[in-house]
Amino acid sequence: MRERFADAFHPFVLPFLVGIFFVLGYCLVGMIRVIAQLPKADRKRFLLTLITPKYIWMNVRDIFLNCLIHVKLWKRNKVLGYMHSSIAFGWFMLIVLGHLEVMLFVPHRIRFFYYPIFFNYFVAETEQTLPGSLLMFLMDFFLLIVLSGITLAIIKRFASRIVGMRRTTRLSLFDRIGLYSLWAIFPLRLLAESFTAHISGGSFLTIPMNWVFRQFLGNDLHELPTWWAYSIALCVFMCVLPFTRYMHIPAEMLLIPMRNAGIRIRHPRKGFASLEVYSCPSCGVCIDACPMSVRKANCKDATVYLNRMLRRGNERRIEEISDKCLLCGKCTAVCQVGVQGPELRVAQRARRKYALSPDFSEINVRPMASAVASGAGGKSGGVLYFAGCMTQLTPSIRRATTSLLDKAGVRWQMMDPDGGLCCGRPLMMAGRTDQARQLIAKNLEIIRASGCDTLLLSCPICYKVFREEYALDDVRVVHHSVFFQELIASGRLQMQREDELRLVWHDPCELGRGCGIYEEPRQALAAVGELVEAGKHHAESICCGGSLGSLTLSYEQRQPMTQNALDNLTLANPGTIVTGCPLCLATFVRAADRPVRDLAEVLDEHC
Amino acid sequence: MVNRQPVIAIIGAGIAGLEAARQLVALGYKPVLVEKAPAVGGHVAEWNRLFPDMSPAADLLDPLVAQTSGIKTLLNTEISSINRLKDEYNLVLSDGSSLLCQAVLFSTGFHLFDASKKEEYGYGIYDRVITNRDLEQWFNTRHDDRIGHPKAVGFVHCVGSRDVKAGNTQCSKVCCITAIKQAIELTEEFPDAEVYCFYMDLRLFGKKYEDYYIRAQRDYGIHFIRGRVSEVGEAIDGRVVVKAEDTLSGKPVKVTLDLLVLMAGIVCNPDAQYYAREIGVSVDDDGFLKSRDNLGAITESSRPGVFFAGACTGAKTIPETLAEARSAALAIHRYFSNPR
Amino acid sequence: MIYQGKQKIWADYQKEIPNDHWFYVRSCIRQNFFPASERYFLTICRDMLGRDIFETEHHTTCGGIAYHCDTIPQETAMTIVARQFALMTEAGYDNLVTSCITSFGNYTEILETWREFPELEEKIRESLWKACRREFKKPRYVAHASDLMYKLRGEIAERAKFLLVSRATGEPLRIVEHIGCHYAKMFPHKGVGGAEYPCVLSGMVESWGGQVIDYPERRHCCGYGFRQYHVKANRGYSLSNTHKKFESMEPFHPDMIITNCPGCPYFLDRWQYVIAEMNGKTYGQNGYGIPALTYEELAGLVLGVDPWDLGLQVHQVAVEPLLDKIGIPYNPARKYLGMDEKKIMTPGLPTVLKCC
Amino acid sequence: MDFGFKLSPSSAVNLDTVDLARFDKLTSLVPDALTCIGCGSCSATCTAAPWSGMSVRKVLLGLQRGRDEEVDKMLSACMLCGKCTMVCPRGINTRHLILTLCRLNQKGEVVR
């Protein structure tokens, strides 16, 4: 190999240089701002992880698997997986190999940014060497991979159903520019390299194309323009990148380490939140996933649009989208980047100004506290059962739960025999955290007074908040599904199995995605009958539509969502629908065409 | 036993009488309509639009009148007396002639309660107090100086209904929905007016009535105040000051209105009571004519050959009245077809 | 306002009032409040119109206040009333005319009760006999003195020295009539014109040239309410009801208030002073109050009786502006002279309410 | 002058003078609020009621009767548990109603 030009420069590299410096500068500034916006504690924590070997390894692995290979996407959809990883990983390899070539043949040029990118223009092949032709081969190979990905991308754009997506996002102008320039880059590179292949050499792709072109193209006049075009395409792509969904490429590379460091959203627009927003590739997977989008309704309220509106600062829509959401968390479950839609919305709700705020300081819980204290009869330990507001509306759950506790011979007492305080979760969902804290303090007073060692909950909404927000280190907070499964496993509850009983388990949002409890209730149900699965289940189960998460959805708007959730549950035609949440129960019972029961009820009947 | 064409006298040519006559003709009889008014149609002829579909009263009445035009109808004719012969009835008419018939159908309808009897509401004393009928006629004619361009309007439900003191303990049944209908119509007429309905209970039992109520609340912003108006006074500007208790908040309320509409209730037509006594048909303690059986034979009296249709036996909606008219016709047919 | 409408109602509520021969029972409290009223009722009926009105010093209270204050049972009130009837019977009269509205209500209520429950009447006859060996016949007619005055309004109009018109403009005076609650609210058919639009006073006003004004709170109680005023803790409530009436009649600018109840003129008169002291607000023209007269006082004025003989000086609200408006002559110097032409003390002047 | 008693303010609600600004704004944002029939289901099921006398029905009524203090007192007791929404026969989204109301100042403006 020898260099073709002494000065090793040609003006057509300038566009590329402009682009690369612009995008690198932009990302650098962005990164510093995000880190600066973190609360002090978070920032310290994050920076520490960057120098902790364990975290470094974790970060490198995750970035490689997620950003380049897109493993999550592979699991979800092979075609999309291939499409993304072919482009991402292929392009990555082209860059790496480009640098290898430079280092191998013209090491002194490595300091030129553009050299590895336009290598084939600046060099002429003198003799064929094994490593040389190997590199050439790999270059053509990965270029082919990328091109295949691009082809798929083009097909997807015009026929998304082929790759298994019902609805995708509508692209903004910048997105289109970015998209088309991205599509252009690699064909142009192929052309450019083909045109110069007789000088710079090439491999199975470029050499034959070069030969073909030379049959009918008499001169080399078209060679330079193609390199220009290639460079310009790169420039355009990199210059618009910050304003397009492709921003997720750099953003995600910072998001992953931050998430590994356990940083949480504290403000809907700043720091980690903005990073999540930029990491959204607006692929639109969340649109199909969103329970609100049934019958083509509310499509514009999916998380992808929240992110877009947050980037555009469209306050009216931001508010609308934030308030409408059921906070079921499914968008996060299906999101490739794991954007926390619900958390973003709650943070947004928490920013709201109110003329009037609740004040629970007047409430005196001492009578309740002393009641549970005397109920415990001075003995510490035992189970304290908090039925919660919603269970008051579904007394069957309360009856079944207490009956099971008796059958298992557990020492227990009610925390709210004649109604109690709300657990605070609904206020949290509305973003009214401080007010929720007041209630939490009041409830803590009662729980502490009881001296119990286990707090039993039949409502996942309560369960989540007791688990996450209550400082109950010495008290075990447990949902009845888990508790009863343990009692069954340990033989303290004997179940009579009823073979012809077909049961389907509905994963309540707060219990499943919210607290990661999927298996215990299923195991418990398996003990009493034949368990069938819904169409979508576990992390992808569909919200019943009754969720307290939504502030604005009307009853009429919720009905189709409930119906859709029921259709999904009854795909395998179960005899009974079983759930573990009083709210889901009350919501389903209204619309279901077959019995809907709480887990406790079903267990109690077979015990 | 139909040896000769029996004569059937239908007293009152309101919708009940007309519909019954129409059915009887279809069954091959020759009924005679006796109407004291100069025209047929009764109350419905005075109404403008009908709940629950806001359809013009004429749409209901005109075809009915057209199809009964061939039937012998004695207008401006009162009945001075009725006497019972063996199995016939002799109607002595105001023109001196007499009508011998084998069956009598009471379709005498109702009278609107005289709102001036509720003195505390000041109907006939305060300029801005009118009744449901007055308002309905205004919808028809657009002539009523009392109405003007009201900014605040009140509707008083149960005026002379469910009221021992007014001598009327029963519910007039149609006033609630009528009040809502008229309140909506007024709101459409005067969008800037605040409209209040003072009710004791809202009884919206009929098809689509409840939807109507919801629309009145949500789409027309009509205020419903649960409480009976206790008294009405006149302010210096001639507007009326209405006092009531808002029983849901347990507080007395006071409001100054440009127009107060009294939903006069339904009482039995006194003529009907008079005729009934003459031929020994009993009158129920609510003042309406007494059916042989309130479940199975609402259209039949305790006397052979005497039948009822419509509001003479109690407050009725239009569909109920029409249905009764038809079943009365069939009852009469059965009466003449089966030998006694 | 549709006048014919009212006439129609008045037509439905006419009561028979005999022309002559009445047994008169006085009110417990009026003689302290407006003493000349009852005196002039007798003077007008007997001396001016030549009617036979008998009264006896032996009659007592009718027990009405005690009864309405729940301090005596109705049987007791009935026995007291039975005794009045006995006095009437003994005197050979069977038309009873009462000076007091509550008495009128009480007599009416008792007679109606006896009509419904004859056994109760028997019981009362028995207890009266046991108590004082007296027997009685029930009165054929019971009237309130204002009924009688209503009956005689025409004759009074004929003899009228003054009419209720403004001398300056010739306009009729704007007069608020206030009917005592116990007059017809319990038994509408026992009152002239019924309970909603009574014409007993408006009839007088109209036949004497005045114009009755109807205002939203016309029906409202004057605020006296035995259980309210008599208990100091409730007195503010009593006052508030009077205040409500004045607020309601204010925009109509009435020249005077005429009443037919012992308590009403007193409270409508005196509370004006209290309200003025509390809120600094007066309801008459330029700082004065609205004179609240009894129908007897009004009749007296119409017939040309000297205002001071009618006892108008014991009203809190100054009557002079009214007298001037009608053109009734009076001698300011005589205002506070007693019967013996010697000066009784002159009251101190209020701080807000304007008096002469 | 002190008479030892005072004029007591009238307990009557004068609909001529009640200021409906807040109620009107609320119903423009949550029209369903107009469809309340005062059945009291919300009050009966309310978690906060035993502690405070909270009642959505009374809140809506109070707004229309100018009883703002009572309304605000009740609002500030709401725990947003959502039971009232579950039981409302008219399907009113009571939580939305309450949160919207809490955003309005006495003049009926949304606070920013």
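Brief remarks follow.
In this document, chain identifiers A, B, C and D correspond to the written order of the chains, with residue numbering beginning at 1 in each.
Here is the rule we use: a contact is a pair of C-beta atoms (placed from the backbone, for glycine too) under 8 Å apart; a residue touches a chain by one contact, two chains touch by 3 or more.
What you see is a predicted model; the values in this text were computed from it and never measured.
Of all the chains, the one whose CA centre sits at the greatest distance from that of chain B is A. Distance from each chain's C-alpha mean to the overall C-alpha mean is smallest for D.
Work out the mean CA point of chain B and of chain D, and you get 40 Å between them. In terms of their C-alpha centroids, the spacing between chain A and chain B amounts to 67 Å. Measuring from the averaged C-alpha position of chain A to that of chain C gives a distance of 87 Å.
The set of chain D residues touching two or more other chains comprises 32.
Residues of chain C in contact with at least two other chains: none.
Contacting chain pairs (ordered by label): A-D, B-C, B-D, C-D. Within the complex, the chain C residues that touch chain D are 232-233, 235-237, 239-240, 243-244, 274-275, 277-279, 351. The part of chain A that touches chain D in the complex is made up of residues 352-360, 362-363, 389-390, 392-393, 419-422, 424, 426-427, 429-430, 432, 439, 546, 548, 551-556, 583, 586. Residue ranges on chain D touching chain B, taken from their complex, read 11-16, 27, 31-32, 34-36, 38, 57-58, 61-62, 64-65, 67, 90.
Residues of chain B that touch chain C in their complex: 116, 119-120, 122, 124-127, 231, 233-236, 238, 241. Against chain D, in their complex, chain B makes its touches with residues 196, 214, 217-218, 221, 223, 226, 243, 246, 248-249, 251-256.
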